[in-house]
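Look for chain A in each of the two complexes below; its partner is chain B in the first and chain C in the second.
Up next is the complex of A and B:
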C-alpha cells in the first residue's frame, strides 16, 4: 500500500468539495438577476426578493457550507462524513434543483413548484444532516468545535422543518401565522446554523491561518451553548408571545455575537504572523459586519416602529458577516486543496504552491468589490439607485468567484495531467 | 510540564514563532534575518519530528496505540520536510515570491497537522503512556 492512499483515508476526493464551490457562485448571479425584477430592497417579502434571498442563503451559503463541511470535519473533529461521494451527489443535486424550484415557486406563485421544492430541499438537507450527525457521533474528539457544530446542525434541522412548513403553507394557501413562523425560520437558519457553524469553525481556523493565540477556553466552551440557549429563549418568547422574554433573549444573543466578533478581532490583532492578506481582511470585515448587525438589531429592539433596522440587521448579517467569512475561507481552502491533492502523489516537482493557484491580486480585487457591494446594499435602503449597484456588484462577485474556482480547477487538471505523464 | 499534550503543544508554538519571523523577513526582502530565522525554524521543527518519530510514536505503537493516525502523521512529516527543503532553496535564491507561496502552503499543512496531534494523538498518548511519562520526557529531551 502506498502512503499516498492514507491521506485519502480522511480527506474526501478534491472533486467532492469543489463541485459545491463551483456551482455556488452561479446562484449569486441568479440572485442578482432575480433581484432586478423586485421593486425595492427595503421590502424583503416581495416574491422577487424572497426568491433572490433564498438563492443567496440556500444556493450560495448552503451550497458552500455543504462542501466545506465535507472538507473541514475530518480536520476539526477528526471524523469524515460517511460515503462522501454518495452524500455529495444526494445533497448537491436536490439542493440545486430544490433552490431553483423554490425561487421559481416564489416568483410565479406556483404551488406545484413550491411542493417540489419542499421534497427536493427536504431530501438534500436530510442527507446532509444525517451524514453530519454520523460524523459527529464518530468524532475522535469532543471539543468546543464539535459542540458548536452539533448545535448548528440541530438548529439547521429545525430551520429546514419550518421552511418546509412555510413553503407548504404558501403552496396550499393554509391559514398559518406566517410572521411568527418566518421569524423562527430566519433566526434558526441565520442565528443558529450560520452563526454557530462559523463560531465552531473559527475556533480552529482563526488561530490556524494567522497564528493567533487560541480563543480563551471559557469563551469557546460557553459561547455556542449560550448562543443556542438565547435562540431557544427567543423561540419560546416568539411562540408564547412574551415580549420581555424576547427582549432578554435577543439582547443575550447579540451580546454573545458581539463578544465573539470582538474577541476574534482582538486575536487577529495579536497574530504572530504579521502578513496581511485578502483573506484576513475578508475575515475582519465579517467580524465588523457582525458588530454592525448587532447594533442594528439592538436599534430595532429600542425602536420597534422603525421596521428597516431589523431588515438592515439581516442584510448586514448575510452579506457582511456570512459572505465575507465564506470568501475569506474559500480563498484559503481552494488553493490548499489544489496543492494538497497534487502534492500527495509521487512526483513533487512542478506542483504549484498555494499562491500559484489563484493570483493574489484577484483576491484583493474581490475584497474591494465585496466592500462596494456591501456599501451599496446599505445605501439601497435610502436611495433606490444604489440597488442597481448592489445587483451589479453581486453578479460581478459571482462571476469573479466562478473565475477563481475555474482557474483553480484548470491549474489542478493541467498539473495533474503533466504529472501523470512523468 | 505535566502532560505530553502540553509539552509538545508548547513546542509547536515555539516553531510557529520562528516560522512567522522567517516569513516576515523573507517578504521584507531582509534575507540575512530570513536565513537565520529559517535555519532556526528548520532545526526546531526537525528536532520536533525526530522526538515524535524516534520516541513518541514507537512508544505509542508499542503500547497498542492507533497505527493508522501515526502513519498519517509520519506521512505529513515527510510532506512538510519536502516543503521545507523547497523553502531552503527559495532562501538560497532569495526568491521572495517563491518563499511566500511555499510558506503559505506549509503554514496550512503544519497547522492542521498540529491540530490533529494536539486534539487527538497527544491526548491518546497521555492516556496510554501515563505510567512512563517521565521516561518519555527525558528520552525526548535527549534528542538533538
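Up next is the complex of A and C:
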C-alpha cells in the first residue's frame, strides 16, 4: 500500500519538454540538407551521411528523448528529474551545439570541431544521465518500466563513451579498430538506448493511450533484461571476436525484438475502442518496421557478404521503427501536456479538448508523408533518384512537426492568457 | 463512501472525472476511486488542492484510491 507520504514533487513546467520538442524537428531539416551533399545513401560511412545520420540520431531522436524523459519519469515512476529547468538548459544547449559541431566536424574533416563536439556532447549526456539515475534511484515504484529505463540509461552511458572515443580517434588520427568500436557504439545506442527506452515506455503508453490490455507479465519482466543480456553477449563476441557467440547474441536480440513487436501488434488488435487514429498507425508502422529490421538483420547474418542487408536493417530501425514510434508518441504526449497544464489546479471552462490541440488531419498527412519517406529510403538503395524523395520527405516531416508543435504552443499560450484574465 | 470507477477510460478522462467529482465531496466524506494504473500526476494535484489520499494495489492489477479533504 502506498500512502499520502509519497513524494509529490511537481511534474516539470510545460516549457521544459516543449523546448526539446520544438528544436528537434529542425535537425530533421538539417539532416536532409546535409544528406544532399552525400553521394549515395547505401554508403553510410561518407562524411555527409555520417553527419546527416547524427543529426537524426542525436539532434532529433536524442533531443526528443531528452525532453520526453523529463516528462515521462514523474508520470510512470512517480519521480521527476531533479532541478528540471537547470537540467534542461545544461542538456539542451550542449546537445544542440555538440550535434552541430559533430556534423560540421564530419563534413569538413575538422579536428577542432570534433574535439569541441566531444566536450559538448559529453557534458549534455553527463547531465542527462546523472539526472536520470537520480530520478530512478528516487522512484516511488519498482516496475518493469523502471528496470527497462535503467538498462537503457546504462547502455546510453557506454554508447556515449564509445562515441567520444571514436570522435577523439578521428580528430587525433589515432590508430583504433574503428570498425569494431563503431559496431559496439551503434549496437549500444540503437539496440540498447533506443530499443530499451521504447520498450519500457511502451509498457505504460500503449495500454494507457491505446486502451489495450496490459503487456503480459512474463514479457514485461523478462524482455528488457533479455535484450540487455543479448547486447552484452554481442559486445563480448565483438570484442573477443568469437563469431558463433555473436551469431547467438544477434539471433537472441532480434528474437526478443520481434516478440515485442508481435505482442504489441496483438495488444493493439485487442484494444477496447475500435476507432483508428493516426498515432495508433504510427505505432503499428513502427512495430512492422521492427519486424522488417529483424528480417534484414537475420539475412545479414546468413549472407555476410551482402553488406547492404545490415545497412538496410539500421535504416529501417531508425526511420521505420524509432521515428514512427516517436511521431506516434509525440502526437499523443504534446496535446496531453497542453491539456494537463491548462486543466490542473481544478476544473476550468474553456480548456480545449486534447483532440482540439493538433488537428487530426495533419497527423494523417504526416503519417502518409512518413510512409512515403520510408519507402523512398528503401528504394534509394537501388535507385539513386529516390534519395531525393527521401531528402524532400525528411525536410517536409521536419516542417510539419515544427508546425504541429508551434500551433500546440499557440493553443496553450492563448488559452493560458484567457484563463488568467478570468 | 461514494465511489468513482475510471478503469479503462482513455486519458485524460480519469483525471478529468476525478477533478470534477472532488468539489462535490462533503467535508469528512471519502471518495473511493478505482483506476487501472497508479496516477502519479494526480497526487501532486491532490496535495495542492488540500486533499489527502491512500492508494492500495488490488489483486487484479488495478488500484483503489481513498481521497478526502485534509483537516
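To be clear about the criterion, the second predicted complex is superposed on the first by the 410 of 422 C-alpha atoms of A that agree within 3 Å, B and C clash if a C-alpha of one lies under 4 Å from a C-alpha of the other, contacts with A are read in each partner's own complex, and residues count from 1 in each chain.
To be clear about the criterion, a residue touches a chain if its C-beta (ideal position, glycine included) is under 8 Å from a C-beta of that chain, and two chains touch if they have at least 3 such contacts.
Predicted model, so just to flag it, every value in this text is computed and none were measured.
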item	value
First (chain B), second (chain C), both or neither touched by A:170	neither
First, second, both or neither for A:21, with chain B first and chain C second	neither
First, second, both or neither for A:356, with chain B first and chain C second	first
Touching partner for A:336 - first (chain B), second (chain C), both, neither	both
Chain B versus chain C as contact partner of A:274, first or second or both or neither	first
Which of chain B and chain C A:78 touches, first, second, both or neither	both
Intersection of chain A interface sets (partners chain B, chain C)	3, 6, 9-10, 75-76, 78, 140-141, 204, 207-209, 211, 272-273, 336, 339-340, 343-344, 354
Chain A-facing residues of chain B, complex	16-17, 19-20, 23-24, 27, 68, 71-72, 74-76, 78-79, 82, 97-98, 100-102, 104-105, 107-109, 111-112, 115-116, 119-120, 123
In the complex, chain A residues that touch chain C	1-4, 6, 8-11, 74-78, 140-141, 204, 207-209, 211, 214, 272-273, 336, 339-340, 343-347, 354
Footprint of chain A on chain C - complex, ascending	8, 10-12, 15-16, 19-20, 23, 36-38, 40-41, 43-49, 52-57, 61
Complex interface listing, chain A residues touching chain B	3, 6-7, 9-10, 75-76, 78, 140-141, 143, 204, 207-209, 211, 272-275, 332, 336, 339-340, 343-344, 348, 352-356
